[in-house]
Amino acid sequence: MLIAKVIGTAVSTIKDERLVGRKLMIVRQTDEYGTPHGKPFIAIDTVDAGEGDLVLTCSGSSARQTNQTKDTPVDAVIMSVIDSLNIDGKNVFIKNP
Amino acid sequence: MLIAKVIGTAVSTIKDERLVGRKLMIVRQTDEYGTPHGKPFIAIDTVDAGEGDLVLTCSGSSARQTNQTKDTPVDAVIMSVIDSLNIDGKNVFIKNP
Amino acid sequence: MLIAKVIGTAVSTIKDERLVGRKLMIVRQTDEYGTPHGKPFIAIDTVDAGEGDLVLTCSGSSARQTNQTKDTPVDAVIMSVIDSLNIDGKNVFIKNP
Amino acid sequence: MLIAKVIGTAVSTIKDERLVGRKLMIVRQTDEYGTPHGKPFIAIDTVDAGEGDLVLTCSGSSARQTNQTKDTPVDAVIMSVIDSLNIDGKNVFIKNP
Amino acid sequence: MLIAKVIGTAVSTIKDERLVGRKLMIVRQTDEYGTPHGKPFIAIDTVDAGEGDLVLTCSGSSARQTNQTKDTPVDAVIMSVIDSLNIDGKNVFIKNP
């Protein structure tokens, strides 16, 4: 899974019918400190993540293993909001309370 | 999913029989503003996207989850036309009306 | 799918039994004009492509969706020979007649 | 599979229910000497790996082939702790006893 | 599939039970002349490949299509030893007899 930051949302009217009602979030992969790098991509939000949240994204066929994405043409899903990241016994990222 | 721009079409006569009747679009990944970068690839169009449209593409086995691509040897599909992209409360991309 | 050029062939005697009789082609991804870039990879030819042909390759589990590659340990297949590529209403590539 | 080093852990309260009880490890791919390079990613630990361990990670649908990750939205799993890496008849990495 | 060179072996005691008895080879992708480039990765050997051999590797779910890797958490497999690579009618690589 990737550590990613939610940076925005996408809106689409013309889409596969299985995507109706799904939330399309714009995310960017981050490093272990929550700093974004790389190109944005779109992931389906299944955990009510908000803009600015650090999340985990899951790709490929595994992205279809949530209740909201079963049998759906999506290849990336947000299935976890990150509370903290810990390296060498220290918190290097803590979600704002 | 990737944000991508439709830049052209491909024509093929000799192909797997399951591809007959499928529209082969040339697309390039874009950033969140719709600016293309990276190498072109080919995706099957399932939503009547046109050249110049910003779309979502879905890759891998998930590309076979549309009615038009079931059990078909394709690994990328266009399954959504993007209306707008929103970052920090502002529209950074709006489809031409 | 990738636009790719067939640049050669590979020969293998010791291989998984499901690969017996399959044609192993050396291909390289190209841009929309047919110019190769990047590293070569091997794809199973299912459409009698020849060296020099521009083709479409399909990767991952989707590469097993042809009659010749079902249940076979292969992750890339040639399933289409490209006749032409069209961008902005112009043919940027036409197969030699 | 990738050779990777476990560098930390991630904590998440809001997550897909199938992730409850799973250990989220922060890992980085390494070279054959165990030196990390590239961006960190998150893998589910199924073999009680510890921070600092060199491990094997498995990605994609194959990450769901362990007892702990079946039908779960995860795309990377730690399923092996590396004892040693051997190149040209020499151990280039040995796990600390 | 990738053209890859076997450069070593990995040893692991603590691992998923389905990996018991499997040979873990360290491989690096090569170009069409057999020259390695890029980072090493680990593939399960199913064809008794030896160090120094040029082989084909298959990734993702397709790596589970051999008899030795069915239902196993592995994402890369060696399923072919390369005898020769031919470009423009010339052998650019021939296996040492």
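Going in written order, the chains are labelled A, B, C, D and E, and every chain counts its residues from 1.
Everything below uses one rule, namely that a residue touches a chain if its C-beta (ideal position, glycine included) is under 8 Å from a C-beta of that chain, and two chains touch if they have at least 3 such contacts.
Only a predicted model underlies this, so the values are computations on that prediction, with no experimental measurement involved.
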| item | value |
| --- | --- |
| Turn needed to bring chain A onto chain E - CA fit, degrees, nearest 5 | 145 |
| Centroid spacing, where centroids are CA-atom means, of chain C and chain D in whole angstrom | 33 |
| Mean-CA-position distance for chain B and chain A (Å) | 20 |
| In chain B, residues with contacts to at least two other chains | 60-61, 63 |
| Category of the chain touch graph - line, ring, star, complete, other | ring |
| Chain ring listed from chain A, with chain D in second place | A, D, E, C, B |
| Chain A to chain D touching residues, read off their complex | 1-3, 29, 31-32, 37-38, 46-48, 56, 58-63, 65-66, 77, 79-88, 92 |
| Contacting residues of chain B [partner chain C, same complex] | 7-16, 18-19, 24, 26, 39-43, 51, 60-61, 63-64, 71-76 |
